[in-house]
Structures are given as C-alpha cells and as structure tokens.
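Below, chain A partners chain B and then partners chain C, in two separate complexes.
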Partner chain A sequence: MTNLHTELKESIIEQLNLEDMDPADISNDEPLFGDGLGLDSIDALELIVLLEKDYGIKLTDPSQGKEIFVSIDRMATYIEENRTK
Partner chain B sequence: MVAATWLWFLKRKRNKMPNQFHIQDWVRVKNGEIFNSEGLVFESSEDKLNPFLKAAYDCFKLEYPKFHKMDGLSKLGILASEIIFRKNKPTEDTALVISNNASSLEIDRQFQESTETFASPSLFVYTLPNIVLGEISIKYKVQSENGFFISERFNAQLLKNYTESLLLSKKAPEVLCGWLDLQNGEYDVFLCLVSKERNIPFSEENLRKLYCAENDKPTH
Partner chain C sequence: MEVKIYINGIGSISAQSGDLFSGDSARIYQENIFQAISPNYREFIKPMALRRMSKATKMGITSAKIALKEAETEVPDAIITGTGEGCKKDTEKFLENLLDQNEKLLTPTSFIQSTHNTIGGQIALNLSCKNYNVTYTQNSVSLETALLDAQMQFDEDPEIYSILVGGVDEISEKITSFRKLDGQLKSKSIKNLDLLKEDSTGTITSEGAHFFALSKEKKQNTYAEFQTLFIKNTIQPENINEEIEAFLKQNNLDSEVIDVVILGNNGDNRYDHYYKNLQQNLLKNTMQLTYKHLVGDFDTASGYAIYLAANILKSGKIPSVLKLNDIDSKTPKNILIYNQYLGRDHSLILLSAV
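So, the complex of A and B:
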C-alpha cells in the first residue's frame, strides 16, 4: 500500500465523516459505493471537491466520477496520472 | 341574541370538554443534559455541541452511521426523537410539528464559510430547517404530515393549535411536536409525543411548564 492509498483513506474518513472507521477498515479494492463503504450521491460530490482541493484535479464531467470512484485503487491510479499538485 | 346564546353554549361546552389529547412522553436536551419523563437520562461535561452529541450517540447506542454526516440541528432532532420513539414506536402516520428561532442559521454560516474556498455539498444539503424532519422521517419510516415553523420564541399556542388540528382532523393518530433550536453552538430542545394515550393533559400551560422546567435561560 502506498502513502497515497493511506492518505486517500484518511481524507475520505475525515471529509465524509465516517466516524468509527480507520484506514485499515477500508480495503484497496473494496467498492466505495453500494455494498462496499455505502457512500451516497452527496459523498460523490464531496469526493469531486476532494480531488480538486487536494490534488488540483477538476472534473468537468461529474459522470467521470463513476469510473474514478470505484475503489481506493482506482482513485489512486487516477490521481497519480492526473494530479497537478 | 340567539347567536350570542349559541356562542356562550359552545364556549361553555368547550371549556367543560375533557382534554382528549395527552402528552404521552417528552424529552428535554439542553446544557449537556437530557431529561425525559423519568428524569435525567444523560449528562455530559462536554461543553461543545459535537462532543456532547457524540457522547450521547455512544451512550444511547444509536448505531446509525448517517448520524455523523448530519448537521447539528438534525443530530439533535434524531437524538431527541430516538429517546421518545424507543419507548413509543412511531407509526408511518405519526406527524412531526417542530419550530425554532434560528432556522438553519448555524449550518448556513458554515456553508457560507466553505464557499470562500470549496463549497461543501454535504453542508449545503442541510441549509434548510425542515431537513431535520426528513431525517427523522427516514430513520423512523414516518410518512405523515410535517411542518417546521420559525418563531421568535417557544410558542405553546402555535404548537398546541397545529398539533390539535392534525389530531382532530384525523390526519395523524399522534404528533411529535416541540422546539428544536441551535445557534452559536447553544442548543435548546424540547420534543413531546401527543396522542390519546392518557398521561399529561395536552395544553398550552403544560407545554410551557415542561419546556420551562429545565430551562432557566432559554436561547430565546
């Protein structure tokens, strides 16, 4: 697991107020929505904000989120390829 | 003359009519303490709202992760309703009538601050006072009438009239009504469940008494 994976998990827990959850509770390949972490549509918007705020990635098309926010692994790969900060 | 006599008769009848609705149960949340009809059920030394709410959440074992994502007003509403509904399971027809002074000002301010950098969607969704009614409805699967009123101060007459109207018109068999105020981190909550179940007669005077009993210094 890279530092980025851990950093992402910590940010998600803090940003989405996932109380009583530690980074270790989130698997890298676990689905973030649906049966996995059970995030909802407002959480998806918060993740879009998180990408812009922390990594300088601005999603112009919100539907891109569906492909990016699949899992921590997928998010980390996308960030590594597109980050501007 | 006939009309005057008729009015006099109606008024007399109304005054003599036994109160058909009762405050079945109630809860008071203020200054780190939670009271209900049985007395003090929780107290915390935490001054700040969020640590207090977290301590109460743990104490009452709410086990509702969505709670942590809510704004302060909704958390207070869920916590207070939980204490009442645990003992008195609501039906899908249970109505909700709540009022306060500050509307959703607390979260409105937080959202306003967030817009200076990145506007927060999760704060934005709580920038209406009646969202708490939706949160209560979702948690307890309530699908009945609900209303949220903004008033200068605790208004027993408003709560009594609106609640009674819902009960008399049979729009709801019971109503959760009361005051749910939050501003500048100070919270002032009084909710009661009104139904035909015999207990404290449902009157403006009794609403005021219960609200004021643990309330030396109202927020408004």
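So, the complex of A and C:
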C-alpha cells in the first residue's frame, strides 16, 4: 500500500465522517459505493470536491465519478495520472 | 363537529435526562448555555445516516421515533415540525467553509442540511413517510404553530388519523452566542435552579426536541387530550388577564376549572411581569408550575411544558421542583400552559385528563 492509498483513506474517513473507521478497515479493492463501503450520492459530491481541493483534479463531467470512485485502488491510479498538485 | 385529539406518545430530549416523575433529581448546571443530554442515537438511526447529522436532526429523529413507538404508530399521516432557528450547526459550518475557502470548492453536505426543514425531511426519510410534511419557523411559537396546523388537519381532513408533531432547537457556538450579545442571556453565569431567584435581565438557554404522536383514537396508554391552543404576537402586559379570560370563555371555560397552570417564567426581569400579573390575579388560586430553570429557554422549550403537563395528567404526580406556589391539586383535570418570549409571541395550550 502506497502513502497515497493511506492518505486517501484518511481523507475519505475525515471528509465523509466515517466515525469509528480506521484506514485499515477499508480494503484497496473494496467497492466504495453499493455493497462495499456503502457510500451514496452526497458522498460522491464530497469526493469530487476532495479531488479538486487536494489534488487539483477538476471533474468537468460528474459521470466520470462512476469510473473513478470504484475503489481506493482506482482512485489512487487516477490521481497519480492526473494530479496537478 | 370538532375532532378529539389525544396524545398517545411522547419523545423528549432535553437538558434533563432523568425522569422527574419517578423521583429522579433535577440536573444542575452552572453555566448560562448548556447542552441537551444525548441518548444513544445508534439505537434509532443507522450509522451511515447518523454520520452526517447535526444534533438537531439526531434529537428530532430520535424523539420522533420514541413518540411513535409509544403510540404504536409506524407511519403517521402527517409530520409537522416547529423550529425557531433550525439546523444552526450546519449553517455555521457552511458559512465558515464559505469564508475559509473564499467561496470556492464548497462541499454540499452542511449546506444541504442547513435548512430548517432538514429535521422533518430526515424523519420522513427514516420512516419512509411520503405524507404531508411541513416545518414552521415562528420564533417562540414555532411548536405552537405546528400544533395549530395539526389541529386544523384533524378538523378538516377526515382521512387524517395520526399526526406526528414536534419542536426542535439546538445550540451552536456562534448563533447562540448572538443571544448573549443581544442581552437575551444573563451576563453572569448562574445556577440553573436559581433562575427565578435572580433579579436581572436575560435568561439561560439550552436545546432539545419534543415530539408528540397525536391521534383521533384514545388508547389505554393515552397521556392526555389536546384541547386547544391560542397564539397572539402582541399583548399589552396590563391585558394579559383579560386575554386569558377571553380564551377560556371562548372554550366555554373559566379560570376555576384550570387545576394547574405551567408558566414560562425565564428569570428575565424585563418580561416576567406577564407571568407575575397572572400569578397574582386571574390564576392566584391555581396551582402554578414552571420549568425553564430545568431546561433553559429556547424557541421550542414549551415542548418540555407539554411533556410535563401530559405526564402530570397521566400519572397524577407533580414533581416538587416545578412548584411556584403552595396551592395543591390532588387530581388535575385541566392544565393550561402559558408562554411568551421577550414580551412577544404569546401562546396558550390547554390539555385535559382522559
């Protein structure tokens, strides 16, 4: 697990108020929405803001989120490829 | 024909967590702003939903579910909420983010949840209730306005059978402190139980949620009958006795049938004369109770008075910490609740034993 993976998990826990959760409780390949972590559409909006604020990635098409917010692994890969800060 | 309305369930969250009717002592505070005692919200709200909610929403849903469970009602025909200042904590959070981030990159959650009708909406979501859902924000008659709507719904819609009505307000760091700047709170910290011994301006404040499951059906565990209520924005101090006499007359009653009056004295020597005028005149021979020394004064604090009145009518017990005078009432049948704030927003609520 890279530092980015841990950093992402810590940000998600803090930003989405996932009380009583530690980074270790989130698997890298676990689905973030639906049956996995159980995030919802409001969380998706929070994640879009998180990408822009922390990594300078602006999603112009919100439907891109469906492909990016699949898992921590997928998010980390996308951030590595597109980050501006 | 007017419909009879019964209180079949009550959920109460306030700064007093104990049951005064079972002999628990009143909780003591030494500050002028104090918090409501939180129950274990996880017993009522799923963790994934709970994580985003402010205290107002958590208190509202929890007290609503307690009231409905007690009334054995799964989904009410209407949800009517009163809140003076709504979800203040989320409002503050959103505004602080707005300033900190120079109006850019704002997250949606606190904005979405900063509206006054968040509480009623979240209760409906939690119950999967798609029925009539309205929130009233009318300062210190917010809960009373919600009750007035409930009364009209029962009177005018024969298909309405049960209504969930409640009042919720929370404290927040900045907006609540504005009351202090405005002189609405006492300038020096006092002991809450000494509130009415102080001869000074301002009061003490707190937060809470009170929901009532109202129904047309009287049950074995019904608390009381909700008779009627009256709201008036402005009353001249010298006219308060006449206004209440007129209210009673309109309901074919007189002051002698009122066994107990619950008054909203809040220790503010600029406005408590409204209550004192009544205490010394029209209701001088009536048992007088008070409650804001226990739960503070906030826009929907009268919900605690309704909780007290309903429990007195059901149990016949009157905790001594509430008493303002030495007159006794062995088996109260009619209880009148009178409240006002800063000399405005006067309300009268009449409950009767069943």
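In this text, the second predicted complex is superposed on the first by the 85 of 85 C-alpha atoms of A that agree within 3 Å, B and C clash if a C-alpha of one lies under 4 Å from a C-alpha of the other, contacts with A are read in each partner's own complex, and residues count from 1 in each chain.
Keep in mind that, in the parts below, a contact is a pair of C-beta atoms (placed from the backbone, for glycine too) under 8 Å apart; a residue touches a chain by one contact, two chains touch by 3 or more.
Predicted model only: the values in this text are computed from it and were never measured.
Contact with both chain B and chain C is seen for A:52 once the two complexes are overlaid on the shared chain.
In the superposition on chain A, A:19 makes contact with both chain B and chain C. After overlaying the two complexes on the shared chain, residue contacts for A:42 are found with chain B and with chain C alike. Contacts of A:66 after superposition: neither chain B nor chain C is touched.
Applying the stated contact rule after C-alpha superposition, one finds that A:83 touches neither chain B nor chain C. Common to the chain B and chain C interfaces on chain A are residues 16-20, 38, 42, 45-46, 49, 52-53.
Here chain A touches chain B in the complex through residues 16-20, 38, 42-43, 45-46, 49, 52-53, going by the rule given at the top. Residues 47-48, 50-52, 105-109, 112 of chain C touch chain A in their complex. Note for the complex: chain B touches chain A at residues 54, 65, 68-69, 117-122, 125. Contact residues on chain A toward chain C in their complex (touch as defined above): 15-20, 38, 40, 42, 45-46, 49, 52-53.
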